[in-house]
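Got some structures for you, see below.
In the two assemblies presented below, chain A is common to both, partnered first by chain B and then by chain C.
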Partner chain A sequence: MLGTGTPTCAGCGALENIKIFCDILGEKTVFVNAAGCMTLLTVYPFTPFRGSWLYTAMASAPAGAQGVRDALDLLIRDGRLAPEEYLAVVVLTGDGTAYGMGLSATSAAIYRKLDFIYICYDNEGYGNTGYQFSAATPYAARTATSKGPRGYRGYKKDLFAIWAAHRPAYVATVIGTEPADLARKIEKAKGLRGPRLFIALSPCPTGWQFEPAKTVEIGKLAVKTGIWPLKEYLDGKVVHTRIPPPRGRRPPVEEYLKRQGRFTHLFSPTRNEEILKDIQASVDAYWEGVI
Partner chain B sequence: MFRIRLHGRGGQGIKTASRILGTAFFWEGYEVQDAPRYGAERRGAPIFAYVRASKEVINERGIINRPDLGIVADESLLLLPVADVLGGVTEHSVLLIVTDEAPGVWKKRLNLKGRVFSLSSKVIVEEHAGFPLVGAACVGAAARLVGVISRKALEKAIREQLRPLGESIIGRNLAKARTAYDQMEASAGCVTEREEPSADSYETPHWIDLPFEEAGLSAPYIHAAATSLKVETGAWRSLRPVIDRRRCHRCGLCDIYCPDGVISLDARGYPHIDYQHCKGCLICLIQCPTHAIKAIPEPGLRAKRHQGRGR
Partner chain C sequence: MIRKLLTGNAAAAWGARLAKVDYVPAFPITPQTEIIETIAHWIDIGQMDCRMVTMESEHSMITAAGAAAATGVRVFTATSSQGFLYGMEMIYTVAGWRTPFVLVNVSRALSAPITLEPDHNDVLAARDSGFLQIHCATCQEVLDSVLLAYRLGENERVRLPVIVNLDGFYLSFTREPVKIPDEKNVKEFLPPYDPGETHFRAGDPISQGVVVLGGSQYSYFRYETHYASLNALGVFEEISKEYEEVSGRSYQPVEAYRVEDAEIVFFMIGSFATKAKDAVDRLRKVGCKVGLLRPLLLRPFPVKPIIRALAGKKGVAVIDQNLSLGKGGVLHAELSSALYGATDSTPVLVSFIGGLGGRDITREEFYEMVAVTRKASETGEIPPPRLLYTAEELMRMKGLQSIARVARQKGGGKS
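Let's look at the complex of A and B:
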């Protein structure tokens, strides 16, 4: 469905997600895209999309989606567009937008029960501008703006919980390297109306600093080690769709970390036991809270 | 003024290499400009960077059209018209190519009048997380070819620019740069500053008058679907994944995991790769459970095709 010949990096984990979304959502879509790496998918006169696409400023993609939705609904109401020509409105933004400057517009759109799908491809930083940290950057990661020996001093914001607290129709965390789980969740959301939101972890060879060939391996480790929980929110309940083996039997989180250049300072020249323990402890605590 | 243009692919450290070279010039008392130039393209796409260095104030701006030294970190770019590596290269220009073929082969193949030097492409294979070593090797060789950069200034520049990557990566890059620096000893100073063009030689641009179009025509609307198919991202690739049918069990995982969607399955379930668009990430190679996919270097392939045509 999504055309080839896009300018994303070789091995881009965000594209891996979007490819699957497009396959399932089909061409009857209007993408409303805030500034970020994926804006470059459509650079005049080239686009990989088969449906429509619109560009907005970083903070205002959900507001743009509201305008498009309203216009389409009015056209259908006035008989100028056949009901079969219904187009789904899909917001596509990075984490910089979703976790940061676009959060307020998203909150308002969910509050108004806007009928839209939101895809946040989460590469855990400002990829398009050279990988500075964002509110989605994990603790201790090195970015262009957290280069010290301990990396990023903040913690990744829990956007899933924030979005779910608004009680939208659907929220899910996904990853393109678990295509069956992702496809099932998109199908489910497609059958619903109202705000349906996705956070798609997107291993980024360029920002996370690993060989492009390893995107899938690293994505799978994010799920196996438990650092990226796959879950969904529906009808007031949160369900985990993939539960890793219990502590001790699941691979330690450092298996995931040590394959990425953005965490090398935790392993060399000397191991930073304290930070590694902290990260493992937070993953363990999360899953203890679930089971 | 020295005018140096560095060509490579996104991800090869060309931008940092130009920054190191500029810094080394700076420590030798030069005025310096260094800048990368790339568009929307990413890792793997052809990019270039350039360095100007002069003992006088530099008033020139913009890209370098006539380089005194051209550095080519990826030989496959030489056969790629869009990369325009040879743009403005004259008999005065020296070319430094990362290649395993002899400089003479390239000189003949490309009909070059100036001097050509080569650096072994082993540095590419030894690449390693952090700053790719090919950049360091190129900078080391370039520093010696211009003849005005001491070993000390070179090392200081590398340390300064790679500091956040840690001692072990700096050490490996220093070693690569030193080896390349020594390798060019016999040709030290062969890159020279071109005589500055006089104001009389200035050519006015060839202006073209464009008619005023109606907004409906001139606004950037795209009316067709999937026009990106026209962009041949296959040119980004330095390694080509090749599927061995005999080992393929037709599981289709390569198709599922390819982020760019360049793999399709035929009626019998065998995968085919669209080489016009495959960027060469090699996710398919790692994910194939029966190891039916291997990678072969692109330049070799192209060179072979080249020879075939000659015969």
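Let's look at the complex of A and C:
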């Protein structure tokens, strides 16, 4: 569904996610975008999208979605537009927007029960501005604004819990390297109405510093090591859609970390045992809480 | 047609009602709130058929307004002051989308210090945004301007959003007799919105607000928008003739009051111009040849009508109810640039700053401004910009400060 020749970096995990969304959602869509890497997908006068596109600003894509949705509904209600013209409204933003600047607009849109799909492609940093840390950046990652020996000192914000606390129609975490899980979740969301929200982990060769060919390997390891839990929220319940093997039998999280330049300072010149242990412990604690 | 006593805010709401707007994204702020309360009430009691959504901020409100207009419905929204500035990123953005809709701004001075009373620094911050601007002096004008604004912004040679500005308190909360036109007359003047190419359709996907590569493409779109704004001057003149036919009221881009044979002319915008009119009438009675020139349209700036009106005048007292800190009055700069080199004999321009934060401009001050301007025209010596403030005001201020000092020494609080 998505055309070729996009100006993203080679191996961009965000683009892999978006392709799958486009394939399943089809062409009857309006994408409402906020500032980020994906803004560059549509450069005048070309677009890879088969549907329509509205770039808003960094903070207010969900408000743009509100305006488009309401206007389309009014036009159809009044017979100024045929019912077959129904378009799905899809917000597309990065983590910088979703976890931070756009959170207020998103919270309000969910609260108003806006009928829309939100795709947050989460590359865990402000990619478009040169990969500075955002509220989605994981502990210890090196970014353009966390270059010290311990990397980023904050912890990734739990956006899934924040979104789910609004009791929307649907929330899911996904990743393009698990296409079957992703496709099933999109299909499920497609059949629902109201706010349907996705956080799509998006391995980013440029920001995470790995060879573009390794996107799939790293994405798979994010799930296998348990650092990126795949789950969904529906009808007040959270269900994990993929449960990694128990502690000791699943690969340690450093298998995921050591393949990325943003974590090399944890391995050389000397191993930072303390931080590696902390990260492993937080992954283990998460899954202990689940099972 | 019915005649009613209406506040400026109610007149704005009536404008939206008569324009049969489809969609109203809203957010409360004093002194605008009465507009959205009025519309909400009309929707509740079935007198108005539109969808109103209370957003969580003006940034979102203006985004939703632009997005809905881009999808093809008629949109109305309103704000003031801090809200206007909170949405500023989107004011520039939606103008670039070329989506026509009407935003009523009820002027209120900006923080800090914080106040509820009016001046024009809020709306002038959007001067270069691409929004057209209509500035009102009466409640009747507010209602009429909203209707004119839709026709103007939706015109295929313009396609831009429009700000209709009214002063907080002096208009927003002041009741004046307003003639409310009949629906059928309005319908004749303002047919339902024709979105033209502006829409999102399944069979005809479009992209809006996209990235351009490089200054050449960027310039192309900016120039195009600039020309569209300039077109609005001629369009305003055309549609105001049509409006006169259905309403009996005639509007020009610039109102000239007793300017024809005037030697000294006040130049200003907004509701304080009615005070200037009163001063003009009184001065005329004692044989002083003064007049008032008041742009209704501030964007596009009606350069030619202004040059024409001021040709051969001795002096202009430019009264700015705003202050570009570190420079001076915004209108003074606008007028200077319009007149410079335009004719052989340009009148002297004397700059006055007054009415900030709702501070009154008294009759005596209008007289004094005429005297100062006349003297400048005779001597050719132009005084530096005058910030209107009386010795008595200064004394009161110093008095307050010393009372607070004493209170503090006695252990009281301070704000």
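FYI, the second predicted complex is superposed on the first by the 291 of 291 C-alpha atoms of A that agree within 3 Å, B and C clash if a C-alpha of one lies under 4 Å from a C-alpha of the other, contacts with A are read in each partner's own complex, and residues count from 1 in each chain.
The rule is simple: contacts are C-beta pairs under 8 Å (C-beta built on N, C-alpha and C of every residue); 3 or more make two chains touch, one makes a residue touch a chain.
The structure displayed is predicted, hence computed values, not measured ones.
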Query raised in the report: Aligned on chain A, chain B and chain C: do they clash or fit?
Result: fit
Query raised in the report: Where does A:Ile76 make contact in the superposed view: on chain B (first), on chain C (second), on both, or on neither?
Result: neither
**Report entry** Contacts of A:Leu192 with chain B and chain C, given as first, second, both or neither
**Finding:** neither
Requested in this report: Please indicate which partner A:Leu40 is in contact with in the superposed arrangement: first for chain B, second for chain C, both, or neither.
Outcome: both
Query raised in the report: Can A:Met101 be said to touch chain B (first), chain C (second), both, or neither?
Result: neither
Report summary line: After superposition on A, vertex chain A (C-alpha centre) with arms to chain B and chain C, in degrees to the nearest 10, comes to 90
Requested in this report: Answer with first, second, both or neither: which of chain B and chain C does A:Gly3 touch in the superposed model?
Outcome: first
Report task. Considering only touches as defined above, state whether A:Ile162 meets chain B (first), chain C (second), both or neither. Result -> neither
**Report entry** Contacts of A:Pro205 with chain B and chain C, given as first, second, both or neither
**Finding:** first
Report task. State whether A:Lys147 touches chain B only (first), chain C only (second), both chains, or neither. Result -> first
**Report entry** Which of chain B and chain C A:Glu27 touches, first, second, both or neither
**Finding:** both
Query raised in the report: Minimum Cα separation, chain B versus chain C, post-superposition (Å)?
Result: 5
Report summary line: chain A positions within both the chain B interface and the chain C interface are 27, 40, 42-44, 47, 49-51
Query - Of chain C, residues touching chain A in the complex - result: 22-23, 25, 51, 53, 55-57, 59-61, 63-73, 75, 89-90, 93, 200-203, 205-213, 217
Query raised in the report: Can you list the chain B residues touching chain A in their complex?
Result: 10-11, 39-45, 129-130, 164, 166-168, 220, 222, 225-233, 236-237, 256-257, 259-262, 274, 277, 279-283, 285-287
Report summary line: Contacts from chain A onto chain C in the complex sit at residues 27-28, 30, 32, 39-40, 42-44, 47, 49-57, 59-68, 70-72, 74-75, 80-81, 84-87, 104-105, 107-108, 112
Query raised in the report: Which of the residues in chain A come into contact with chain B in the complex?
Result: 2-13, 15-16, 19, 27, 40-51, 142, 147, 176-177, 179, 205-206, 209-217, 261, 264-265, 268-269
